[in-house]
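Across the two complexes that follow, subunit A remains constant while its partner is subunit B and subsequently subunit C.
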Partner chain A sequence: MQKYKKILKPFIYSVVFIFLIIISYRSAKPRYKPENFTDIFNDFSWLGNWPKWLDFPLMQPLNSGFDWLIVEYGLFFEGINNFLLGLYTSMKNSLVGLPWPIVIALVVLITYFASGRKTNTTVMVAFCTFFLGFLSPRYWDKCIMTTCIVVIGMLLCIVVGIPIGIAMARNKKVRNALLPILDLMQTIPSFCYLIPGILLFGLGAVPAIIAIFVYAVPPLIRLTDLGIRLVDKEVIEASEAFGASKKQTLWGVQIPLALPNIMQGVNQCTMMSLAMVVIASMIGTRGIGDEVLLGLQQLNVGMATEAGIAIVLLAIIFDRITQSYGEKIQERTQQKKKI
Partner chain B sequence: MSKIEVKNVYKIFGDSPSKVLPMVQDGASKEEILEKTGHTVGLDNVSITIEEGETFVCMGLSGSGKSTLIRHINRLIDPTSGEIMVEGTNVMSLDKKNLIEFRRHKMSMVFQRFGLFPHKTVLENVGYGLEVQGQKPEERNKVAMEKIEAVGLNGFEHQYPNQLSGGMQQRVGLARALATNTDIMLMDEAFSALDPLIRSDMQKQLIDLQSKLKKTIVFITHDLDESLRLGDHIGILNGGKLVQVGTPIDIIMNPADDYVKAFVKDVNRARVIKAKIIMIPANKTNGIDKSNLIKVEEDQFLEEFLPQVVCNNANCEVVDKSGNIKGYITNKELQSSLTKS
Partner chain C sequence: MKFLRNLILSFVFAGAMSLTTSANAACKVHLGDFDWDSANIHTAIAGYIIEKGYGCEVQSTKGSTTPIMAALFDQQIDIITEVWRDNLVQLIEDNLAKGTIIELGVNTPSSTQGFYVDKPTADKYGLKSVEDMKKPEIAKLFADPEAPGKGRMTSCISGWTCYTINMVKHKVYGLDEFYTNFDPGSGGALDAAIAGGFKKGKPVFSYYWTPTGLMGKVDLVKLEEPAYDQACWDEMTKVVEDIKANGPDVYKDTCACEYVNMSLTKAASTKFANNAANKPIIDFIKNYTVPTAVVNKSLAFYMDESDGDMEETAKNFLSNNSMWEKWVPGDVAKKVKASL
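Moving on to the complex of A and B:
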């Protein structure tokens, strides 16, 4: 039985391989392939250059599949679009409508409580926020737009990513199935999903949010998975030995102990979101990224650099807030020994 | 009815244990199995019975399967084959829900590296067993405080585990196991990670607690002195097989094989043998010189009165707690019991 299993997999692979070659041969245009199938084995000239009939037809089915998706599920995508756009515009409008000192005060308040009342971090973040507008008044509103996109993208990542990460940690099969998908999401060039994003959701903030999700959710999923799996096995055994159900172990022990790692994932997630926002400006997403783009298009190095600095400041603000919140949690869960 | 019965338990680790099981049952050795199939034999036909109120110590070196065995009793690990009966219920027949109930009310566990929850205070840790049972915070804190007092940790209840020393952490582990007030306590190398002084301290505390509570304790250790000190019965495991089961004296006096012999070779016998074990009963004491006698209690260890015997060159008179003479010990008995075989 075990020997069969060893042979079975290579056998299946080779059957699939031959099947793919037959498909490519059959779907090739008549002028590209020999008139008779058996000619292949008489005339070996096709071994020289890559023969045109050995071309797997992937483009056409993908295109037609995409068209079918738009026609059949257009309403579904429009629903998503309207929801995300509504969220974005209401958030953006309320923040842009506020006087700028109040926005700075809000950021300061959030930082102060998220960091566990650390004055250092709070003062630094306050300065960075002030400098966003101080660099150029135009930047203020644009930074708010960018922030809104990043925050909504992050929320989407957290809502979807953390449960998936937990599922991965608890089930080996789920992990084996998802890891290649995560690899794919991280390596596929961003334009490959930015363009379909435009076709599905139109220009603007929503495709940027979707792109952020695709690009930034893998590290969060991975770190959540890792964090849950790194929880001391004996502690979990202890929990089970006292008769905790799976749910009680998960919420009472695993998640609290994995929280520092999960927060690290959220932090990584924000940093990658910000990187994506700049790329997204190329598909017409409004925000601080289009200042960089504008500068580059006009070969205005100063302008591009100035906008670049603004993005760095924004990154520092996000990083400080999430990082210090993570540290605060870590202090609570892993009290250092007082000597 | 015995409290815990483990019947012919086999445990094989690997991809398809059930296929390897017949080989193990036919008597193939652990090394053979590993070489031929890549499976590891954890337990090989282990059967033990543990009576109510006794401390059963399971001893063996690392890799002998002792930690695997203790995890079978509360089914943290499922056996490949065999039965485990606790108070007459077959643990293997329990479904998920009943297993959880069983773990909540029948037994508690203490771990080698403590297994405390670093994000909970001492009080919350001790009350954890009650928390998962769904008790209200006030009730469980009350019980938890009692147990914290019982192990002598008053004043530390709002600290976090890693603010405490190793010995104190294990006291928290002990209090947590006591808090659910179960009849059975499983202790997996509970004192092995502690340094010697604190270890003997904890052993004493456990003996004191046990004399009051009379729980059924399954204790795992690799330390022979510890097992002799704590155990009413000792089971010695080697390579997943149970080599010998017996009282401490059995183990020392009649080691079953070379493995056990090597184990007991360096034991300080005077420390583990009690007077009543080697005494000659009072009615068979013709011809003993009774002119120069030292009184010893029957539960005293030899080392406690040995110096006196040597100084005075005297024989011993063994008495019970109320002073009745139970028997005598002469130099001959001392000599034969202390000589290493």
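Moving on to the complex of A and C:
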């Protein structure tokens, strides 16, 4: 039986491979093919350059599949679009409407409590926030737009990413199935999903949020998965010995102990979201990325660098808040361990 | 030790490779290319002829208008085969005066740019000119989801001069009260926004131009604007250049009119053109001209049949047209034909 299985797999693979070659030969345009199929075995010149008939036709089906998606599921995407856009515009308008000192005060308050009343971090974040508008008054509103997009993207990542990460940690099959998808999401060039994003959602903030999700959710999923799997076996055994159900083990033991790792994932997720927001300015997403793009297109080095510094400051703010929140949680869980 | 030996060997190998490649080519030409498809086609055709016919090493660099033009002025790029001269008047005249570039005549004799609306919407609401657009109920059709109460016109990319021209036009025509002059960020995004609107059957209001591949696929109607007038255009150009240099706050009331039915030109850097060895290539580029209809046909081939292969499109143009044989001396034409 074992031996039989060993032969079966390579056999299936080679059948699929030959099938693909036949498809590509059949669908190639006549002018690219030798007149007779048997010519291939008489004239071996095709071994020099890659022959045109050996070209798997993937572009056309992808195009028509995409058109079908737009026509059949237009309403579905419209719904997602309206929901995310409503969230974004209401958040943006309320923040842009607030006087800037109040926004700074809000950021300071959030930092102060998230970091567990650390004065150093709070002062640093307050300083960075002030500097955003201080660099150029134009940047203030644009930074708020960028922040809104990043925050919504992050929320989407957390809501979807953490449950998937937990599912991966608990089930090996799920993990094996999802890992290649995560690899794909992380390596496929962003323009491959930015341009279809415009076709589905139109120009603006929503394709950027979707792009953030695709680009930034993999590290969160990976770190959640890793964090839960790294929880000591003994601790879990102990909890089981005390009669905890699977659910109780998860919520009472695994997740709290994995929280520092999960927070690290959230932190990475934020940083990648910010990177993507700059790229998204190329599909008409308003925000601080605009300024960099404009500087590049006008060959204005000063303008691009100034806006680049603003993005770094924004990154520092996000990083310090999430990082210090993570540290606070870590201190708490370690204290529990000591007791 | 083994690592060191391999390292040295690989350097020697790389050196030998670069020597052999540069030894075959008698000359080197660096073409500038832009991020829209008609420019890509001209670059591909000219590049193919220079490479196969003149035996030169051709390198082409693709980018946004400003960086590529700057590289031409800086003598890093030798030739550009499609320059939207009227959009860049000031810049080009300054550099002609400075002697950094020379112009090589007209490429595509006529091309159009302007404000377009999709045909179904234009028919339904009787939209013919920009004046017809100035109604709140019309603006609602093109609603900008990020600016409540306003419509959206997808405009040029903010680095292109036409973005500023459109901004001034919006103000002069009074469109700015109803529409945002929306920067789509990149050429691909602008195309995708228009194509997406048509696929979903939504109203489209956009700046666009011909010759383009997309124009053959979608049905856009050009809106009438005040007729072109040289004095008016010059007055507007001054305001536009001022805004480009000092920001949108320096806007002054000006006159505005439609984009001129402009010719696309070719240009070369002075350093390249003054080199006597390059004279045959300069002569060829001077002769190079393709009418709009043929460009559109090539673009259609590129979109539908070439599988996105520009070289294939250039070969298709060269095999199905004979106009190019007049651009080059007989022996060059023979060499190009032999390679097809």
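Quick note on the criterion: the second predicted complex is superposed on the first by the 335 of 339 C-alpha atoms of A that agree within 3 Å, B and C clash if a C-alpha of one lies under 4 Å from a C-alpha of the other, contacts with A are read in each partner's own complex, and residues count from 1 in each chain.
As a convention for this text, contacts are C-beta pairs under 8 Å (C-beta built on N, C-alpha and C of every residue); 3 or more make two chains touch, one makes a residue touch a chain.
Worth saying up front: this structure is predicted, and the values here are computed from it rather than measured.
Student: Who does A:Leu203 touch here: subunit B (first), subunit C (second), both, or neither?
Tutor: Touch status of A:Leu203: second partner only.
Student: Report for A:Val253: first if it touches subunit B alone, second if subunit C alone, otherwise both or neither.
Tutor: First partner only, subunit B.
Student: With both complexes overlaid on chain A, does A:Glu234 touch subunit B (first), subunit C (second), both or neither?
Tutor: first
Student: By the touch definition at the top of the document, which applies to A:Ala244: first (subunit B), second (subunit C), both, or neither?
Tutor: first
Student: After the superposition on A, what does A:Leu299 contact: first (subunit B), second (subunit C), both or neither?
Tutor: The answer is second: A:Leu299 touches subunit C but not subunit B.
Student: Of the two partners subunit B and subunit C, indicate the one touching more residues belonging to subunit A.
Tutor: C
Student: So in the superposed three-chain picture, is A:Ala114 touching just subunit B, just subunit C, both, or none of them (first/second/both/neither)?
Tutor: neither
Student: Any idea which subunit C residues touch subunit A in the complex?
Tutor: 64-67, 70, 145-146, 148, 154, 157-160, 182-186, 188-189, 192-193, 195-196, 199-200, 244, 305, 307-308
Student: Going by the contact rule set out above, which residues of subunit A touch subunit B in the complex?
Tutor: 2, 232, 234-235, 237-245, 248, 252-253, 256-257, 332-338
Student: How about subunit A: which of its residues touch subunit C in the complex?
Tutor: Of all residues in subunit A, those touching subunit C are 29, 55, 59, 67, 70-71, 74, 85, 89, 191, 194-195, 198-200, 202-205, 281-286, 290, 293-294, 296-299.
Student: Along subunit B, where are the residues that touch subunit A in the complex?
Tutor: 16, 71, 74, 76, 100-105, 107-109, 111-119, 128-129, 131-133, 160, 162-163, 176, 180, 186
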